[in-house]
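Data first, discussion second: the structure below is written as structure tokens.
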Amino acid sequence: MKLLQEQTQKLKIGESLIIQTASRLLIPFIQLFGLYVIVHGHYSPGGGFQGGVILGASFVLLALAFDQKFSMQYMSEKTSGLLANTGALIFVGTGTLCAIFGGLFLHYSALDVLIPLGPIEWRSFGIFIVEVGVGLAVMSNMAILFWVLGSNGEMDEGL
Amino acid sequence: MIWILDLLILSLLVICAIAAINIKDLLSATIIFGVYSFLMCLLWAEMGAVDVAFTEATVGAGISTVLFIAAILHTSRRSKD
Amino acid sequence: MTVPNLHIYVLAAPLLTAFFVNLFGRRSNTVIAILTIGSLTFSSLASLVVMSGILKHGQINYVVGNWQAPYGIELVVDHLSALMLVLISVVALLASMSALKSVSQEVPGREHQLFTLYLILIAGLMGLVLTGDTFNLYVMLEITSITAYGLIAMGKGRAPLASFNYVIMGSVGACFYLLGVGYLYLMTGSLNMADIYQILQTMDGGAAVATAFAFILIGLWIKMAFFPLHGWLPNAYSLAPTGVALIAAPLMTKVTIYLMVRVMFSVFSAEYNFVQHQLAQNIIVWTAAVGIICASAMALAQRDLKRMLSYIIVAEVGYMVGGIWLANETGMTGAILHIVNDALMTLCLFLAVAAIIYRLGSCEFDQLQGIYRKMPITMAAFTVGAFSMIGIPPTAGFFSKWYLLLGGIEAGQWGYVVALLFSSLVNAILFFRIIEIGFFHRDGEPHSHEEAAKAPLSMQIPLMVSAATLIIIGLSSGSLVDAIIKLTIPIGF
Amino acid sequence: MKALALFTTLVTGAVLLYGTMDFPAFGDPQSPASTHISAYFIEEAVHETHVPNLVTAVLGDYRGYDTMFETVVIYCAGLAVISVLRRKKSDKEDSRS
Amino acid sequence: MSYQTSIWPLAAVLISLVGSIPIMLSGRRPNVRESWTILIALGKVIIVASLLPAVLAGGGFEFTIAEVIPGVPIALRVDAMGMFFALVASLLWLLTSIYSIGYMRALNEHAQTRFYASFAVAISATLGVAFAANLLTLYLFYEILSLSTYPLVTHEQNAEARKSGRKYLTYILGTSIALALPGMLIVYSIAGTLDFKVGGILTGTGVAPQTLALILILFLFGFAKAGLMPFHGWLPAAMVAPTPVSSFLHGVAVVKVGVFSILRIIFHILGPEQLVLADIGWIITTLASITIIVASLIALTQDNLKRRLAYSTIGQLAYMVLGAGMLTAAGMTGGLLHIAMHAFGKITLFFCAGAIAVAAGKKYISQMDGLGRRMPLTYLAFMFGSISIIGMPPLGGFISKWNLVLGAVNGDQLILLLVLLVSSLLNAAYFLPIVYRGFFAEAADPVYDQGIKEAPTFCLIPLCVTACASLALFFYPDVFLRLAQLALAL
Amino acid sequence: MEQFTASIIAKYNYWIYVTLMMIGFYAMIGKRNLVKKLIGMNIFQTAIILMFVSSGVKIGAKIPILDKHKALEHGIGVAGVVNPLPHVLMLTAIVVSVSVTGVALAILLRIYRKYGTLDEDEILEKLGK
């Protein structure tokens, strides 16, 4: 009980212990769900984009419940930039690789020379790869959008 | 029967849209816009576009609204029109 | 085996490089310079190879991801798009050389971000000219717009306001385009341009198709700043960082005009455009004429070189739209030739402006006194560009204007002819006013031989190249028309 | 100004409504949009890609080129926002005047 | 008539254009720079002269640079008419170059490098106009000439020069874009070609007389360098330029290019026969007559010597147009011949004016009393020049004027005869008093005039040469006469 | 009368979309507040998305997620599945719309930093000074 009081005193205006605790509990599940949406996009609604947004939303939730600095401990500005680059690069790179390996642009079957899965399975697998790229890019960019807008460009405590 | 539900949502949509652009308090307008997005998402799910509905739920009602709120909190809530 | 993919590499090179610029360009500008110039040089060379291939073997229909035409996305490389591809990559190469210096002066510390967006913008423009799919065109349109919004907003002072205005107008334009595509999709069930063309031949046009046509056109007009929808352009281009204006001014409006040609002749047919819409044709040519006159008049009122050039761009858009809607082969030839020429001369003038701003910090008319002595080479190139804008032979501008005027006479559109002549005269006044200011000195200033503060070499070389290109293109415009542009004119004339 | 805006809006709306006159009826399975290309996707996509979610199949493969640029759009948005808005705390370049 | 392909016409045009580069590069060493100038001028004369025999024999040369518009290349062709003009221009350029060395050095002008370089470009453009094989090429070089003379006109870079430069460009560029360009387009859309052809390319196309008249007017005013009223205002204004510029450009190159272009249009585009048939020659002659009389009257009132010469030029240019407008063989020959005769006469006068300015520092006629006794050679040359312009024997001007009178008589156009006579009287009235006062009037300021000597040798030689040439042309006009007849296919 | 009702049932979706689009468009060009313009833009875009999605609807059809094995073995009746193509297009359109919104909001914050207001008239007033 005393611990609780101490913690409550540490809180800044606009922050609430219940929300903080709840979101700490929730965020792993949200992220798990986001991953599930990305990976399971072949079989159910969703895909890289929706999953990425959900992953990004988990950071938004962190930033809202605590403050922005806190959420940036999990993914720094630099990392997010790197991830955004990587995500987009995965997609464009895959496309270009297909062209380089003798197919047409984004012709995933051409990557069969790398790992022989069969042309049709490669279609499926290629979609998976690019979905992961989309997911990464969307996640980090959604987080960046919120951080920058939420802190008016200063990347500090935020709202 | 489904088209009655359709009509209901559609008329709510129009009401929300008009409200969103006419309310003087921008924060409320944004929230109403969020509601509008949710209704839209409902409509699309009902039309069989589950992926679009999913996306609209996360983006239109989620991220977009949050971004709007973030921007409005840094600027001003009032609006002349 | 890689040769069929070559035009894709033209596009992919700047796109891939963009990510690396963002990753590694933070620390040093040299890396940015090497990556940017390297990728664009590759694109330029590759696009020239593509062009020669097209001239030899005819058009390429490329299916992305090996999905056959109406189902997958088709890229069409015909004479016109190959020409545009060469134009974009060469202009981008020249502009980026100069932009490197100018950007590091104007937005220090953010060069890597700017050049990432810059390269993606170029890739988007290339994508626009390559695509054969109406919806893909929308996506590309948004890529170019969104990068342009960001790039323009990086300017100082009122730039964000101009950019916001552009966001609103640009979104309206893009949405209108998308509406048009939606209507077409509802009526034909297809998104592929060639496929839609085929279907439209067999079905009765009707209200929905007419609406689609109108909305697509209006959407593109907003994007290209066709009078009276031009409101966003002058502010956006004149307040953007100079390095950005260098790429946006020569290319963006021209590419949008290319898109108009593409949509008018690859999606709809010439008969549909001109025969069924005789009245529309007249209205549009007259609007173009009025637009040319108004924009020229507005340009007269400006006291800043960059702003003045922005208004001239609006007038030039009127030239080209009017030329296309003259509905004869001569006007069409003129319009397409003018796309090339106008891109090059706008580039030349903006490169000169960039050099001036780099040295003087501003390009208001009062600052320019005696500039011929201070920056002789820059101003010599500027003069060539100005002559081309006015339309003095043997610079390129004259020849496209020749075809446009001839087309106007053939079509009996006298209003358009008069507007063109008027705008030439106004351009003469505009540019000779600057030449006069630059040639004479401030009152009382002695005719001393002060040490010339020339622009850095990396700004002068593209400038001189572009000025020389204007004359070379001018002298070879006959063969250009015969070898390429004649073949680009869509069927139906 | 507002009257002009209202007028433009009404004209646009009227033209769009006029355009809808020719539309196939809502939900008609025989409309061109539902028969021409999409039939191919519904029938063949699973065979050709082994992805049962048709939307994912079309998004990731048949129209992968679009999706690639969609990703680039998002990327550009993030980058543009940073480059437009990001500033250091001491940066008072264009503080309110 | 057959033309053989040859690079020499191009060389004749380009030699001075390319030559402007070493001139610019050697800007720091005046002697080198001026040797270049003379060398290039000499080279040009030699090239042009070497082409002469073939042309006199009825042949010609041509060279295509680039095919820019279907059916209309940028091409050069040396025919009799072009040769006629090129010969005059290149000969006089050589003399002017020598003269300007003396003049510029004596006055210690600034920016001499720019001066010589622009001059070289201008003469290139002049030869380009002379050798143009079609209207487009002519237009191209016409515009280059307008632009390259701008730095020459505004050489002083002071407020007055700025004003004059603006006027100059407004008139020249404005008319060429707004009038000549549409005229050219109309011709192209009717004929489908712009090649110069003896007899005219519009002959036989069945053009309506109204259209023909429209085209004619567009070109008459479009080539404003010919100074037809009301588009003459730039000429007096442009006199702020240094005298070599005035003498060469406004005595020879620029204004004659205007007239030459108009003559080309009348002879080789519209076709004299067509004009006779359509009966619209009166448009030309009326405009020219008005210009002649009004310009002469204005010249009478001018006190500034250069301005008086300028108005005289306007009047004389109109003679040439008048001759062409008579549409008779003699008249047209006279008009063409007058280009050469007037060039030699007028350049002498300008040289003299410059020499007086250099030696005595005087610009106004009223100050020049008694100056002839101090500068006898200059004044003698001045007298020769004025007599030639008035059209009295034994000087070259008589030949052309005689042909003009003949043309008027042949064409039964007695009003024109009257115009010629009256204007000759007026010419005499504004030139002879200068000579008279120079030799016989009392000096207004004898003390000051004591120190005046003849101008520097570099100035003196050219003016003597041109004066003698004027004299010689009376006795030996054969070359020019033959060229004129060839040009008109008589 | 029956025809009229039929035409209502056949087209009402499109009419509502036009209405929404008009509301959004009016906000974009008629409202003076910059945030309102952006909300209008979003409404405009969702209206277009509504149109596209409506075009893919088939009455009595299932969502476009199939049973893999059944599909591979027996094939699919086209009329039984909703048209997936508009959905794909609209996913892209939604992404684009949120990106544009983000960039626009960033620009908007820049404007507010400089002028301290989001009202177009007030900004113009400040510029006029």
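When the chains are written out, they are named A, B, C, D, E and F in that same order, and each has its own residue count from 1.
As a convention for this text, a contact is a pair of C-beta atoms (placed from the backbone, for glycine too) under 8 Å apart; a residue touches a chain by one contact, two chains touch by 3 or more.
As the structure is a computational prediction, the values presented were derived from the model and not from experiment.
Note on connectivity: the fewest chain-to-chain touch steps from chain A to chain E number 2.
Shared contact partners of chain A and chain C comprise D, F. The minimal number of chain-to-chain contact steps leading from chain C to chain D is 1. Relative to the centroid of all protein Cα atoms, the closest per-chain Cα centroid is that of C. With C-E and D-F as the two chain pairs, more C-beta contacts join D-F. For the pair chain B and chain F, the distance between mean C-alpha positions equals 11 Å. If you average the CA atoms of chain C and of chain F, the two centres end up 30 Å from each other.
With centres defined as mean CA coordinates, chain B is found 24 Å away from chain A. Centre-to-centre separation between chain A and chain D, using Cα means, comes to 22 Å. Within chain D, contacts with two or more other chains are made by residues 16, 20, 23, 31, 33-35, 37-38, 41, 47, 50, 52-53, 55-56, 59, 61, 63-67, 70, 72-82, 84-85, 94. Within chain C, residues 15, 22, 64-65, 135, 139, 142, 146, 149-150, 153, 160, 179, 185-186, 191 each touch two or more of the remaining chains. Per the touch definition, chain F reaches chain D in the complex via residues 9-15, 18-19, 21-22, 25-26, 29-30, 54-59, 61, 64-68, 71-72, 75-76, 78-79, 81, 83-89, 91-92, 95-96, 98-100, 102-103, 105-107, 109-110, 113-116. Those residues of chain F that touch chain A in the complex are listed here as 63, 65, 68, 91, 95, 102, 105-106, 109, 113. Against chain B, in their complex, chain A makes its touches with residues 45-47, 49-50, 53-54, 56-57, 60, 64, 142, 145-146, 149-150, 152, 159.
Of all residues in chain A, only 43-45, 49, 145, 148-149, 152-153 touch chain F in the complex they form. Here chain C touches chain A in the complex through residues 1-2, 4-5, 8-9, 12, 15-16, 19, 22-23, 62-66, going by the rule given at the top.
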